[in-house]
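Shared chain: subunit A. Partners: subunit B in the first complex, subunit C in the second.
On to the complex of A and B.
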C-alpha cells in the first residue's frame, strides 16, 4: 500500500528518521542532564517483554496495546531498578544491568516460544527504515511515521506543559521536592516517555538507533550550550541533521540507513568535541596555549626589569633570554611577540626593555612583591617559601586585586626581601 | 595440541556444557570486580563495541576464524574503553553519556559493516556472524573450548597473583594511590581482562546477554557475603550453575536467554533468601525489632505508672495501663512479659516482679538519660524529647549509656546514684498521644 500523500519513498524514509530522532532527542536531553543516559539503553531493551505480551494479548501490532505494554514495562523497570538499589543495596548501575538484561532475556524467550514469524529479532536491533513505504497507512501517513509523529507530539506537549518542573527537578531534585514538586513523579513520567518513545521508534529504526538518538544529540548539544532551552533545540537540530546526513551517506554507499544515521550522529558529536566554542578540545588547547604564551612573555619582561633594577650592566642576548624562560618554540614565539608589540627592542645582539615594556614589567613585579608581602604577613610563610607561589600567581593578579592587596599589607613599599615594590 | 585432542573426544552437549560453564565461571569472577568498581555497564558497552571489530576482521581476512574475529573484537573493545576514558577526561561529557555514545556509535558502525558484508559480492562463509549478535552455544567447537580454557587460566591466575592489588583498587582507589600503587595500570589490567572475557563470551551468549553474565552472578553473590574472596568464589559458582542449568533446562529455547533467565532466577532466589540483605531476613529482623520495642514500652509504662509507689510494687489496674499509651496488642505483650517473669497478673490488675522492676528501671534510665542529653546538647524543648527518645532508646548500646550517666553525673545533673532511676526531666503526662498536638 502506498501513502495517499504523494511523496517519493526517499522523502518518507527521511521524514520518519528525522521525526524519530527529534522525539528521542527531546527526552534524551533530560536523561543526559540527570546522568541517567544508560537508562535509555536499559529501557530500550527492557520493553521487549512488554511488547511481546501486549502483542499476545491483543493479537495485533496496533499502536495502543503496544504503547500501553511499553509504558507498563517502562514503569516496572524503573521501579525495579529503584527498589533493588534501595532495599538490596545493589549499586545503581548493577541494578540497571540486572533488571534490563533479565527482562530482555525474558522477552527473547517469549518471542521464540509464542510469536514465531511476526517479529524479527534482528529487526529489533537494526530496524527496517527501508520498508517504511511498504507499510500500511494511517491518516495518509505510513504507519511508522504516524506513530513517531504521535510520540513526538506527546513529548513536545509534555515538555511544554511541564517545562519548569522538568527543569527544576533535573538540576536540583532536592529543591524541587522541598518546593512540593515530587522529583520522583517527574522521574517516573520521564521514564514513561522514554519507554513509549523507544517503542514507537523500534519498528522504524531499531533499538540501536533509539539508544544513539536518546544520548548522542543531547550530549552534543550539552557541549554547545549552557541553557536548557538552547540545549533542547540544538539536540533536535542535531537529530534532524544526523537523519539527513545518515540517509544520504547510506544511499551513497548502499548500506543500512539506521546504522548510518547512528554513525552520522557520532560524527557530529566528534565535531562538537573538537570544535565547540567553549568546551571543545581545540578551544581548550588554544586557550592553554594563549595563557602559556602570556606567562612566557611576562616572565621575560619581569626578568629584564629585575636586571635593570639591580643596576647591572649585564645585557641579555636573545638566545640567553629564550633559554632563561624555558626555551623551545613557545619562548621563540614569546620573544617575537614582545618585539612586535614594542615591549622590547634589539640593541645589536641583545634585548632591551622599551618604556612600554618597562611599564608592563613594573606592574608584574609589583603584583609579585605585593603577593609575597601578603603571604608573609597574613599566612606567616617563611621568606624562602614565598617566591615560588608568587611567581605562579603574579600573572593572574588584576589591578583591582593589586589595590586590595595594597590595602591589606602593612607596608606596601617594601617586599619581605627588602626590595622596593614599584608603583 | 593435547587440549584439542581431549576436547575432540567430547560429544557436542558435553562441549556446550563445559564451554558455557567455563564462561559462566570466569565472567562471574571478573564481573565481580566490574560491579564493585562501579563499572557494571562497561561489559554491556564492550559487547556492543566489539561488533565493528568483528566485521572488519571478517572483511580483511574473509574467514570466520575464531582467533581472527576475536582479535578484531579485542581491538575495537580496547579502542572503545580508551575513547570513553578520553572523553570523560577531556570533555564535559559525563561517564554515563560517554559509555552510551561509544556503545551506540560503535554498534552503528558494526551494523553498517554487517550490511556491507551481506552484499553478494563479498565472499567467505558468512554463517555464524549472526551468532555474535544473539549467541549460539550449540556452535561450540574444540577451538572455542581451547580459547575459553586459555582465557580462564590466564584470568584466574591474574586474579590469584594480583588479588591484593585488585582488592585495593576496588575498595579504596585514593588510598591505593597514596600508598604508591600504580592504580591506573591495575585498573587498565582489570578492564583488559573484562574485555577479553566479554569477547570470548560474545559468540556463545550474544551481545546483551554477555552483559548479563558479567553482572548477574556478581550481584547475586554480593547479596550473600561481604568478603571479597567469598564473593569471587560464589560469583564463579553462580555463573557456572546458571550456565549449566540454563543449557540443560532451556532446551528448545534460545540458549543465551535461557542461561540469563536461570541467572536471574538465582538472583531473585538470593534476594528472597540471603541472610542479611534478603527480603525474608529483613522482614524477620524488622518484626523482631518491633516486638522488642513494644515489650520495652510495656515495661517502661509499668515503671512510670508504678513510680509514685516506689519502692513498693503496686498492683496496677489494667485499665490504667490501657489508657497510658497507645497499644496495638496489649494482651499478647502481657503474655510475653509474663512468660519472661517480668510481670504477674491477677484478675484485672498487673504488677511488676522484682526482676521486671529491675529491667524496667534500666529501660527508663536509658530513656531519661537520652532525654536529658537531647535537652542539654541538642537544645530540644522538654515537651519534644519524649518522642525523640522513644525512637532511639531501644538502640542505645550499654557503653553509651554508661558514658551518658558519667557525663550527667559530672555535671551534677544526675540526682541519684547510677543504679537508681533519675526523675523525669519533664512532666509525665497520661496517654502519650495527648502529649503531641
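On to the complex of A and C.
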C-alpha cells in the first residue's frame, strides 16, 4: 500500500530516518550527561523479549502493545541493573552486561520458538528503512514514520514539561531529591522513554542506528555547546544532518541506509572533535602554538634587553638570536613577527630593539625579577634556584599581578642578584 | 495542663532547628554512625568536625533523607524532613557534580528555586530576580553567563552558595564549603555565614581546619562514628574532646559494625 500523502519514496525514507534520529537525540542528551550512554545500548537489546511477549499476547504488531511491552521490560531492566548492583554487589557495568545480554538472548529464543516468520533477527540489527514505503499506512503516514513521530512527540512533550526536573536531576541528583523532585523517578521515566524510543525505531532503522543515535549526536552536541537547551537543539540538528548525509551516501554507494546514517553521525562527531571552538583539537593546538610563539618572542626581547642593560657593545645577528631561543621554525616566526610588529629593527646583519620593543622587554624583565624576589623572600629559595621558575612564569604575569607582587615584596627596586628591577 | 504542654512544645519548636534522636546509619548493614543524639538551637553557626571517615557527610545526608536511617529519627523545626523540605538548604561537596555540564552560573543558581516551584512549574521573573540578588550577594554577578567549567575553585564554591541562598531556607547543610578555595573566597564565605546568622538562619558546616573553628562557629559537633560532643564552642571545643575525637577510632565499634555486616559474631 502506498501512503496517502504523495511524496517520493526517497522523501519518506529520509523523513523516517530524520525523525528517528531526532527522537533518539532528545533522550540521548540526558543519557550522555548522566554518564549512562551504555544504558541506551543495554535497553535497545533488553526490550526484545518485551516485544515478543507483547506480540504473543496481542497476536498483532500494533503499536500500543509493543510500546507497553517495551516500557515494561525497559523498567524491569533498569530495576534489575540497579538491584543487582545494590544487593548482589555486582559492579554496575557488569550487572548491566548480565541483564541486557540475558534478556536479549531470551528474546531471541522466544522469537525462534514462537514467532517464526513475523520477525527477522537480522532485521532487528540493520532495520529496513528501504522498505518504509511498502508498509501499511496510519493517518496517511507509513507505519514506521507514524510510530517514530509519535515517540518524537512524546519525548518532546515530556522534556518540555519536565525540563527543569531533567536538568536538575542530571546535574545534581542529590539536591533534586532533597527538594522533593525525586531523581529516581526521573531516572525511571528517562529509561522508559529510551525503551519506547528504541522500540519505535527498531522496525525501520534497526538497533545499530538506534544505539548510535542515542549517543553520537548528543556527544557531538556536548562538544559544541555550553547550554543544555543548545545541546539538545544541536543534537537534534546533528541527527537530521546524519540522516541526510547518510541517505545520499548510501544511494551513491548502493548500501544499507541505516548503516550509512550511523557512519555519517560518526564522521560528524569526528569533525566536532577537531573543530569544536572550545574543546576541539584544532583550537587547542592553535592556542598552544600561539602561546609558544609569544614565549619565543618575549624570550628574544628579554635577551636583547639584558645585553643592552649590561652596556655591552655586542650585537646579535639574527641567526645567533634564533639559536639562543631554541632555533627551529618557531624562532624564525618569532623574529619575523617582532620585525613586523616594530619591536625590532635590522642594523646590517644584527638585530636591535626599537623603543617599542624596549618598553615591552622592560615589563617582561620586571615581571621576571619581581618573581625572583618573591620566591627568595616568601619561599626561601636559594639564589641559584629562582631563575628557571621565573623564566617560565614571567610570560603569564599581568599588570595586575605585577602590582600585587610589588606590594608583597619588601624591596621592589632590586632583585635578589642585586640587579635593578626596571619600572 | 494539656494547653501548657502544647505551649511548651511550641517554644522548643521555634528554638530547636535540628533534632537528631538516637540515629544510627548503616551502609550494607554496617553502621557508620552510632546512636547520634543531638539538638541544634536555631540561629547558630555550627561546625561539624572529625577525622576522615568519621561520618560527617553521612550525618548530613541522613538528616536530608538521602541515605536511609537504620534507626532513630530526625526532626527539623519539630517536624520530619519530608514536611520541611522548603526550610532546608543543601550545598554538596564541590566534586560531587560534573563541572563540564552545559549550564551557566545563572542556570545553576536558578536551580535553587526549583524546590519551592515544585513539579512542572517553570521559573519566571520573580525567580530570576532572586537569582540576580543571590549572585550579587556572593559577588559573582559578572560571571552570570559563564559556563561553570570556566570558573576557579573559589568561584565554583560561590556559585553553590548563591544557589543555596536562592533556596531561601531556614536551616542549611554545607559540606566542606571551605575546601580548596582561595583566601578571598574563604573570607567572603565567612562573611556570608555571618549575614545568614544575623537573618536567624541555622547553618551546619562540615569543616576541616581546626585552627579556624573558634573564629567561625558558635557551636561545634565533634564526630567520630559516634557523637563525641555537641555544644557551644567555648565549652565543647576542648583539648580533651578533640583528643577523644581524633585519638583513633573506637575499635569495639568497628568490630561490632563488621560483625553486623557479616551477620555473625566474630571469633
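The rule is short, and it goes like this: the second predicted complex is superposed on the first by the 423 of 423 C-alpha atoms of A that agree within 3 Å, B and C clash if a C-alpha of one lies under 4 Å from a C-alpha of the other, contacts with A are read in each partner's own complex, and residues count from 1 in each chain.
The criterion applied here is as follows: a contact is a pair of C-beta atoms (placed from the backbone, for glycine too) under 8 Å apart; a residue touches a chain by one contact, two chains touch by 3 or more.
Keep in mind the model is a prediction, meaning the values are calculated, not measured.
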item	value
Clash-or-fit label for the pair subunit B, subunit C on subunit A	clash
First, second, both or neither for A:231, with subunit B first and subunit C second	second
Touching partner for A:101 - first (subunit B), second (subunit C), both, neither	first
Subunit A residues touched by each partner, larger count belonging to subunit B or subunit C	B
Subunit B versus subunit C as contact partner of A:384, first or second or both or neither	neither
Touched partner set for A:175, first subunit B, second subunit C, both or neither	second
Touched partner set for A:423, first subunit B, second subunit C, both or neither	neither
First (subunit B), second (subunit C), both or neither touched by A:212	first
First, second, both or neither for A:222, with subunit B first and subunit C second	both
First (subunit B), second (subunit C), both or neither touched by A:167	second
From 348-356, 384-392 or 420-428, the subunit B stretch with C-alpha clashes against subunit C	384-392
Footprint overlap on subunit A, where subunit B in one structure and subunit C in the other make contact	35, 89, 222
Parts of subunit A lying in touch with subunit C, wherever the complex brings them together	33, 35, 89, 161-165, 167-168, 170-172, 174-181, 222, 225-228, 230-231
Subunit B-facing residues of subunit A, complex	32, 35-38, 40-41, 45, 84, 87-91, 93-98, 101-102, 104-106, 108-109, 112-113, 121-122, 125-126, 208-209, 211-212, 214-216, 218-219, 222-223, 250, 253-256, 258-263, 265-266, 269, 273, 279, 281, 284
Residue ranges of subunit B touching subunit A (in the complex, touch as defined)	35, 38-41, 43-44, 87, 90-94, 96-101, 103-105, 107-112, 114-116, 119, 130, 133-134, 208-209, 211-212, 214-216, 218-219, 222-223, 250, 253-254, 256-258, 260-261, 263-264, 267, 271, 277, 279, 282
In the complex with subunit A, residue positions of subunit C that touch it	28, 61, 64-66, 82, 85, 88, 90, 92, 96-98, 101-104, 107-108, 111, 114-115, 117-120, 122-123, 147
